[in-house]
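These are the structures in question, set out in turn.
Below, chain A partners chain B and then partners chain C, in two separate complexes.
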Partner chain A sequence: MTIVTDTGTWVRRNRMTVTPLLFLLPGILFFVVYVISPIFQSFGISLYDWDGLGAGEYIGLDNYRELMTDRAFETSLRNNVKWLVLYLLAIPAGLFIALFLNQTVMGIRLYKSLFFFPFVLSQVVVGLVFSWFFLPREGLLNAMLGLFGLEPVNILGDPQLATYGIIVAGLWPQTAYCMILYLTGLNAVDPEQIEAGRLDGAKGWRMLWHVVLPQLKPATFIAFVVTIIGALRSFDLISIMTNGGPFGSTRVLSFLMFEKALGEYGFRMGYGSAIAVVLFLIMLVFIGYFLWQMWRDERAARR
Partner chain B sequence: MRSIVKTPLAVLAATTMLSGAAFAQDSLSGTLRISSDMSNPAPRAIMEGLVEDFGAMHPDLDIELTIVDREAWKTQIRNVLSANPPDVVNWYAANRMGPYVNAGLFMDISDWWEAGDYEGLDSVRGALTMDGRQWGIPYTYYQWGVYYREDIYNELGLSEPTTWEEELANCQVIVESGRACYTIGTRFLWTAGGWFDYLNMRTNGFDFHMALARGEVPWTDERVRQTFANWRVLIDMGAFIEDHQTYSWQDALPLMINGEAAAYLMGNFVVPHLHDAGLTDDQIDFYQFPAINPDVAMGEDAPTDTFHVPAGAQNVEAARAFLAYVASPEVQTEINGPDGLGQLPVNANASVADDEFNQQGFTMLSENAQGGIAQFFDRDFPAEMAAIGMEGLQEFMVFPDNLDDILGRLEQARQRIYR
Partner chain C sequence: MFPTPIQKRSRAVQITYQSFLPLALILWLLPLLAVMMFSIRPLSDFSNGNYWGLPSSFDLFSNYGRVFFESNMPRYLLNSLMITLPTVVGAVALSCMTGFALGIYRFRGNLLIFFMFIAGNFVPFQILMVPVRDLTVNMGLYDTKTGLILFHIAFQTGFCTLFMRNFIRALPYELIEAARVEGVAEWRIFWFVVLPLMKPAIAALAVLIFTFIWNDYFWAIVLTQGPGSQPVTAGITAFNSQFVAQYHLMSAGSIVAALPPVAMFFAMQRHFIAGLTLGAVK
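Right after this comes the complex of A and B.
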């Protein structure tokens, strides 16, 4: 009996710690089962040669050695970098449109919704629309080039250009997303600080850079996070617009991983897992940065 | 029409099976579970009709039919076979069976072949054989070949080519008339595999092609280069449409329909698409891919679709009866007929539909394919080799100058894959 009352008092004494833990428990449980443990499983599977059906054969780091010599992997990695860098253009573009729309004129709500519209569309629809836009013969792009007397181009059929073509398609909805983030951010900009800046003679770029942007820092951070994540998730657009082609020139790591592990001619689970591990390590850099950034902000807020 | 045919057909089929198979028909009971990939409208109707008719013959048997999207099935079959497998599944012949045969997921049904369940199927038995055993039965196949615009050929005064010289001469005339000789859409790669199959079988013969598929010949072999050299002659003269890497095979159809291209190397399934687009039988015709090297016998691509019994099947007896039913001449005639799949029956005792293309295809495969009958690039080559290979073929069609690099890459892949 005494033990029971002891625990009772222990619970009572540590209520402030136990309660949040109990509330977190279901979430943590699912997170561990569906997110954390598959990560470690992937590490494990990447050491095997396994077709997903029979028994796997342990081959050590052979999958990784093969990755080093696999040109498809090299192309995909390079494309991932292109995506990461160029996709960030959505942030300044979104900021620009947000500043442009942040005014009170007749029907501004309508214009805002029209600019936001592409983000509402499914990525599949965006991909389809852009692949029609880029069509080599009938496409709108070549019709426009023709008006200026330029030669037609087959963007999605050219291994040098195809990835850029898909990134342009991806930037369309991503810019809209960043725009909406900045629009909400601009609502929170303190008019008194603007006023003070104006009294001190700041205007134009200086006003934007020194007064407005620092106040938009939270919006910029979120825009950065969602854009990086968006760039690393660029799977559906690629699948719809080029299916990884021509001759594999538009694959990114996630697409290559899918093809090798789960595609029609794939089912090399070990090799696919090895790609997944590399992709995870790349993401870890960003995840680490985001976590560190958030931790720093929290600490600053607590002070 | 269908309802009149059905009853006598069912009776006929039942009698043939009674004589052919050594078990009693009426004892079938329980549940027969079938997972099928015949999801396109016409095949779906056929599959549902099969189940209905077979069910009518066996009133005590409960048949559960699950139809999965044909593309999705290519990945789903793995889950279906490994967890709670049904009694009958659809798949493809030849090397495509490999993963499931090796993993022990398909039942070895050699005994049923031996017992005479499938009389008349001897010619297609090879495609279902692996390690000397049989792992399923075919239910349909179709020829590949050149489908061309008869009216354009007539306008230009051309006839069906039978030799490589005639072929090139024809193509020169077509190109000069401002058209492409061939339309093709290589976006999903496999169409390029068809071209390689034919060029390689015509240049080096069926046996060499199969040796290459089995990984016994290096891709950098001089004979393989000869195949690509022949291909390059066509590419350099502008025989193929431009920008084909952007098109699917359906996207490439309008170019033939509106007369910008004169022909299409394709499977017989292209015919309904051409008919639907308004081309009549007077405007389209078919010829066998012409000979290149007169010393090698003609080999043909004729992909075969199949039924298998999973190793974990519960109602094996019913599955056996169903397979025998599908393979019987009467059922074969009906399901491959003009109201059905419009393809070739696998049973030699079945009759081929009275259709210009089926008849030509059947004659070609039975009389002028002494070299042998291949399945298709992505079914004869191991999956991984096929994927890397077809990508190389597409690249070659766009940048023929990259050949050395492509072949080096394929050879590297060959050495790893066939280890």
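Right after this comes the complex of A and C.
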């Protein structure tokens, strides 16, 4: 019989530190190289005038100074705000559809899946589907407006309307996402509390507001996170539906950045990075808030 | 249950609800139904202005046939597959390991590393674009599938780690302690105790990542160009300029491009939704 002693190799003695380290190593390596360090590099590049090929020229904050007077930047920023505010409509809309579908009738599962499945489509396809839907001559929307005797509208061709048209397209999958979050949340709502609420005479809106919504808080939090991040990340739809037009009226920061750095107007990597930094700082406000919330939950759940 | 189950309501309400359901669904999917209807029409319908009447002939097979035989579409689909599958395997493998390390062990900086992964997962793509493109060019991987795959694996590891770590946290910790008492080596605990329990999480992540990566467009246009390596999301724009204004073919093309993740979703629905709604219930 062998006597177990604690005098194994160094690795064996320190296995509770070495093991997690080794397991983390490849993941961290990938993540640092491709995600963390590029963030800092972009901050650096934003101080240069660089076409992406040769050596760049250090110009300090000139790129940021130029941003202040760039009309395209101003339009983009304004559109980002529109996206942010209107995209949040996906949350109540998703809750509404979830409440509508939270029944147990024949075939309801299929209905739920079919309501959800726009989320599975790529944004590129959503963009194409909606740009054809909005077409002034061939589009179904105008065919339907025609039935009511209304004049056709060219939504994506009108600088006043185009951004709203794209946001509607974006809301379609986003609402589906929020709906599925709420459907899952509703599934877990405590039936005893609902019964207690009923006994207290609560129903309809009051029940929803005072009894159900508080229990849906985790779902609402995730819906907020994904909707806000989604709104600020909008790029695909704009690129597909209008390519920033008409007259640059549908640009947002993410799109403007791409256009400046890789688009047809030349490779201004430094200027593009400056735009990316601004977008990043805007998002950082939200990311910071989300992380703080999650951090609090983690602390509370510490075992 | 909220709202009140329809079975407890009057007959009239029930009938209204039952008949409203399909109507609401048609309204919801209307833009998509329009595209499906376009995709079975012949070209002549469009030149005659017959957009919404009965199709003058049923051209489903010839339209979709042309998508497959007269364009680069099969090539793009294959590229998408060859980009998506390795990414799924890579990201899931890496995050099984990071999730294990962060979920089981207590060490200084654990929470900090975990939050680094979460935070990175939220950043705008544009802040990564220039350096990542530069790195890919310098490695000689620009316009290759490998270049795209490597980036996707790295980026998805953020979300996957969040997912895996939380899943592992919910496993009964006693199992691991029992194994340790038995003197099982740590890596064997990972392989023989934890990994088998992670199967549902692996399935859920795999279908989610498949969909995310298949649908990626931004990184495809930043890191690749041309039919040699571009996935279908990027290829569809080239496809559309090949068949410009031929709505019947463009419609069929975009339906083909969208189909694989849709099929994946319907086949693996339970896993997909379980993955997507993790954390929506406490």
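Everything that follows uses one rule, which is that the second predicted complex is superposed on the first by the 273 of 303 C-alpha atoms of A that agree within 3 Å, B and C clash if a C-alpha of one lies under 4 Å from a C-alpha of the other, contacts with A are read in each partner's own complex, and residues count from 1 in each chain.
Quick note on the criterion: a residue touches a chain if its C-beta (ideal position, glycine included) is under 8 Å from a C-beta of that chain, and two chains touch if they have at least 3 such contacts.
Remember, predicted model here, so these are calculated numbers, not experimental data.
In the superposition on chain A, A:54 contacts chain B only, with no contact to chain C. When both complexes are overlaid on chain A, the residue A:208 reaches chain C alone and has no touch with chain B. More chain A residues lie in contact with C than with the other chain of the pair chain B and chain C. Touch criterion met: A:265 reaches chain B, while chain C stays clear of it.
When the two complexes are overlaid on their common chain A, residue A:232 makes contact with chain C while staying clear of chain B. In the superposed pair of complexes, A:245 makes contact with chain B only, with no contact to chain C. Across the superposed pair, chain B and chain C both touch chain A at residues 52, 262. Residues 4, 15-17, 19-21, 23-24, 26-28, 30-31, 33-39, 41-42, 45, 52, 99-100, 102-105, 111, 113-118, 120-125, 128-130, 132-133, 138-140, 143, 172, 177, 180-181, 184-189, 191, 194, 203, 207-208, 211-212, 218-219, 222, 225, 229, 232-233, 235-236, 239-240, 253-254, 257-258, 261-262, 269, 272-273, 275-277, 279-280, 283, 286-287, 290-291, 294-295, 298, 303 of chain A touch chain C in their complex.
The touching residues of chain A, counted against chain B in their complex, run 51-54, 66, 69, 71, 135-137, 154, 156-157, 242-243, 245-248, 259, 262-268. Residue ranges on chain B touching chain A, taken from their complex, read 74-75, 78, 82, 99-100, 102-105, 187-189, 242-243, 245-246, 378, 383-384, 386-387, 391-392, 394-395, 398, 409, 412, 416.
Across the interface of their complex, chain A is touched by residues 1-7, 17-18, 21, 24-25, 28-32, 34-35, 38, 46, 51-52, 94-95, 97-98, 100-102, 104-105, 107, 110-111, 113, 115-120, 122-135, 150-151, 153-155, 157-158, 161, 173, 183, 185-187, 190, 211, 214-218, 221-222, 233, 236-237, 240, 247, 250-251, 254, 257-258, 261-262, 264-266, 269, 273, 276-277, 279-282 of chain C.
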